[in-house]
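In the part that follows, the structures are each spelled out as structure tokens.
One chain, chain A, links the two complexes that follow: it is found with chain B in the first and with chain C in the second.
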Partner chain A sequence: MFHLSRTTKWALGLVAAAILTLMYAPLLLVMANSFNDAQISSWPIESFSLRWWERAIESQAILDALWVSVLTALGATAIALVLGSLAALALQRYSFFGKNAVNLLIILPIALPGIVTGVALNNTYKNILEPIGIHVGFFGLIVGHATFCVVMVFNNVQARLGRMNPRLEEASNDMGAGLWTTFRRVTFPGFRTAFAAGGLLAFALSFDEIVVSIFTAPPGVETLPLWMLNNMARPNQQSLLNVVATVIIIVSMVPVYLSQRLSRDVSAN
Partner chain B sequence: MRSPTTLTPSPAEVGAVPGSGLAISLRGVSKHFGETVAVRDLDLDIARGELFSMLGPSGSGKTTMLRLIAGFERPTSGRILLGGTDVTHKAPFDRDVNTVFQDYALFPHMSVADNVGYGLSVRRVPRVERRRLVREALERVRLEQFTARLPSQLSGGQRQRVALARALVLRPTVLLLDEPLGALDRKLREQMQIELKEIQRAVGITFVLVTHDQDEALTMSDRVAVFHEGQIEQVGPPAEVYERPATSFVAGFLGAANIIEADQAADLFGRPELLSIRPEKLRVVQERDVVDAIAVSGVVAEVVYSGPATTYIVEVRPGLTLMATRPSAEGAAHVSAPQRGDVVQVTCAAADLYPIPSNTP
Partner chain C sequence: MHDMRRPTAHRLSTALHARPRLRLYGLLSLPLLWMFGVYLVSLAMLLVTAFWTTDPFTSKVIPGFTTRNFENILTTSSYLNTAGRTVGIAFLVTLLCAVFALPLGIFMAKVASARWRNFLAMAITLPLWAGYLVKVFAMRISFGENGPVNWLLDPFGLSGPGYGLPAVVLTLTYLWFPFMALPVYTAIRQIPPNLFDAASDLGAGTWRVIRTVVLPLLMPAMIAGSVFTFSLSMGDFIGTQFVGAKVQMLGTVINQNVNLNPPLAAALSVIPIVAVGLYLFAVRRTGALKEL
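Here is the complex of A and B:
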């Protein structure tokens, strides 16, 4: 590392502080305004109250949307955990024809714009599956989210497997354990924190996703971000929007924080 | 060489080995990795209760051979028999063989006791019995007070002993050890060599040890196989392999050796054949005091003092040097000890000049 002079350190510190403030001040403003008693958000806040939080809890539409978001995130995370881990195991432990291509195809959805994934899935659901009598419904939304959630689990688990000593599995084999016992007692314990970290990221990613949701949510089904989008234009809902936004921020942030801690604990070991 | 007699242990070589019969038989075993031939048409028999070493430089095929016996690799051709049963196509967990890995491969998330008890628990040995066996195994390697520790809380030597206990607790007929002492520092390694040998004698299990360390192989083994480019150059008891190397590779790999080409041997000793002589068999004297059978005069080119011994490098012909080692006990620092530049006589008994039978295995 370079040794930085005192002035450089101060200057860099100031720049960093300014950038972080610019990034987070608007979010903090939204969170603070959710406690603003006024009908129209204004600054500075004149009186605080939990009025809008109470209104939000009483709103059936918001509660429904919250429930949809949680279910979608849990479903997408469950799919991601299973498929992401299996894919990571296959690509990390075996070599087969087209391995690199498969690797790329798994990671690609994270780079694809949500609108592309969304439109593509929407077309498939409406123009291919429905004509042959398959109505994906709510499951279509979950699958849409799973496409990018898989990447989170896959990346985390694959990186961990790459650092695991392959002799551990051989040792287990050597001592009489077959494939399944070895997976259950040696391989999985070896990557379970990466598994959990990937799952938490997947949950957070799904919970605040909107673009894919727009195109894959069945009619009448709203996730929390969708509810926000649909109520943006209504001026009297603005304070409620602040409440919902605050909920989304917190529910997305906590898993990301936990996931970071999980990954750090292991690397410190 | 490669006559079948040197590959199969004679009763005399196997000696007072407990049990009888063969633990391992390899028949024409080859292993190819793509274009690379790791093991080439190998035949070998290892007797029950033997401590057998596979010695060779890295890439000589010894580790591949060990992994073939363990079942982690399948041979490209040939058969592997354990205790007379063909296991060529059996999975590692179906073979009565256990392995001590080079990096020990201890399960990092399990305690010492759980590591050692793993194989027993996989085989559904009842808990009480399992505890007893784990305790016995840990006592044998003197780690009974470390049962609750995690591998990360142990020293290298302790980890090595856990790995040993973990494999031994299953009482395999064959224990494979892949460079088991390679990661330890020298002092600990020498101590563990003796300890391993004692444990092997106590449990009576066939040990097959892979090593690139010739001292380790010579010190510990009942028999040594010297690997070179996927083939075995020589098999035999340490003394035989050391004293009567079958090829110049074996002579050069096992300790220091003066290898003298046939034309030079004819010139120096009047014997036109490939000769090998160990430096400790050569004496360097100022004047020919005893009537030795053979003496060559030369100039001391270098004197290398290494504690227990001093090595003299003597130029006997332009460009041709011989190495001679004199134990320090004989008084290397003595006034009469030859110095660099001295004209000396290099002498030995005629019987110590060993003709290498062949240069190609």
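Here is the complex of A and C:
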């Protein structure tokens, strides 16, 4: 029998605890600092207050950025839900020439560095489309986000389809249901939770994205991370940055937590 | 009865039912149109732009064909040094992620109880989603002059690395660690327990089991994780900007040239594309790409 000695177990446990502490300490630091009363957050925190949260809620620039982020994430998620599900159905249910290439093409936007995707889209918008009179504007930002969000929905839906019983669809067809009826009453209910889980991940991925946003946001449009970036070098904005960062942490982590719950509940059944 | 009222829809459904290929094309057309039309065409146009020139006065791009941008990169030592530094940092970050992921994965899969295991799996996934910029910001505060790292080390008479190359490596490791930790943990769980038993029954000690049984079986997962840690490090410029002091990476130089000299930025972007491409090609035969 393989067993680890007590000492090894303790050592492994200590390493694991240290790694988790290191992973969460910086995030908790930012969250704690958002309640730091000091103008330029110093460590350790001497007095706590809500005044930076109040200031942030009053700031039009931050509220505008929050609205842009939500709108972009919703748009990108909607596109990703449609494209990701279609691609998952195609790749899971059919075999065809070039299947691996299609798979790779969908993963590519998150496998290549964000700056490559960003610079490539920026180049298309500014040096190809603009000279011929097409201004993509705000839509360009949503297009950029949707491109790397597709894979989130695709992965979740494809994995679920793989675990579903294909006989159910055959049975539905045999009993006279049309393609659309079968999809609506059998296939879609089967992967509905994976669809939702993928959508939540896509939303979270888009909401805190920065690199592609830098290169695809039109002038004057700021997402919440872009607002952070533009204010990061200014020491007197430090305290507001802590608040915005805390908002981003919470708004991105909650959908991911829910998405994991959705996926787990189904695999438990 | 239901279908009789909608004859066109009915005919379409019947036609599609009889022709699975048509169904496949129907499903594939939209996603492929998007990924080709938006993404691949943009990547291709980026490569084309790398051969164009810029008007030095207006910063407007001029279509044409010249290899001058690439010659410029290959003969300028600062570009070459930056490229070399970037690849080096990407490898170092990948190595550090793997070194930390192994004990964590073994602890989660072999020591922790089922309850803890699920909790820990969630705990290492969540920070992945906390936002790249948020984490860079957190590291910037941590390594700052009056930040918590120095505050912790001060009683021991030590001080943190401050902003610079070590801070860049640590920050990138912090950023991409979950990409390595998750696949490694999943892979350790998937190794049949009786392999561990067989190895130790035959007399192998703990380290020997890890070295000769666990590590070889983990390679595909580590490589899958390393694709992300390597590729994401190759493209970083924001982390470097905020914790790197004067350190420059490829992303820094690309970002500087996007508006001033787009063709040069495009030519520089070819370096991470080629590096990641070579990396994917090198690891393709291990079968790891299926795990992405």
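The rule is simple: the second predicted complex is superposed on the first by the 266 of 269 C-alpha atoms of A that agree within 3 Å, B and C clash if a C-alpha of one lies under 4 Å from a C-alpha of the other, contacts with A are read in each partner's own complex, and residues count from 1 in each chain.
Here, a contact is a pair of C-beta atoms (placed from the backbone, for glycine too) under 8 Å apart; a residue touches a chain by one contact, two chains touch by 3 or more.
Everything quoted here is computed from the prediction, not taken from an experiment.
Chemist: By the touch definition at the top of the document, which applies to A:Phe97: first (chain B), second (chain C), both, or neither?
Modeler: A:Phe97 sits against neither chain B nor chain C.
Chemist: Please determine whether it is chain B or chain C that touches the greater number of chain A residues.
Modeler: C
Chemist: Is A:Trp43 touching the first partner chain B, the second partner chain C, both, or neither of them?
Modeler: In the superposed model, A:Trp43 contacts chain C only, not chain B.
Chemist: Given the touch rule stated above, what does A:Leu168 touch, chain B (first), chain C (second), both, or neither?
Modeler: first
Chemist: In the superposed arrangement, does A:Gly178 touch chain B (first), chain C (second), both or neither?
Modeler: After superposing on A, A:Gly178 lies in contact with both chain B and chain C.
Chemist: Does the superposition put A:Val119 against chain B (first), chain C (second), both, or neither?
Modeler: After superposition on chain A, A:Val119 lies in contact with chain C alone.
Chemist: One more residue to check, A:Met253. First (chain B), second (chain C), both or neither?
Modeler: In the superposition, A:Met253 contacts chain C only.
Chemist: Where on chain A do the contacts from chain B and from chain C line up?
Modeler: Residues 173, 178 of chain A touch both chain B and chain C.
Chemist: Given the complex with chain A, which residues does chain C contribute to the contact?
Modeler: Of all residues in chain C, those touching chain A are 3, 9-10, 13-14, 16-17, 20, 23-24, 27-28, 30-32, 34-36, 38-43, 45-46, 49, 61, 100, 103-104, 106-108, 110-112, 118, 120, 122-135, 137-142, 146-148, 151, 174, 177-178, 193, 196-197, 199-201, 206, 209, 227-228, 231-232, 234-238, 242, 251, 254-255, 258, 262, 265-266, 269, 272-273, 276, 280, 289, 292.
Chemist: Would you pull the chain A residues touching chain C in the complex into a rising list?
Modeler: Against chain C, chain A makes touches at 1-5, 8-9, 11-13, 15-16, 19-20, 22-27, 29-30, 33, 41-44, 79, 82-84, 86-87, 89-90, 94, 96, 102, 104-109, 111-117, 119-124, 126-128, 143, 146-147, 150, 173, 178-180, 204-205, 207-211, 214-215, 225, 228-229, 232, 241, 245, 248-249, 252-253, 256-257, 260, 264.
Chemist: Which stretch or stretches of chain A touch chain B in the complex?
Modeler: On the chain A side, the touching residues are 165, 167-168, 170-178, 181, 185-186, 189-190, 269.
Chemist: Hey, which residues of chain B end up touching chain A in the complex?
Modeler: 70-72, 91-93, 97-99, 101, 103, 105-109, 118-119, 122-123, 152, 166-167, 170
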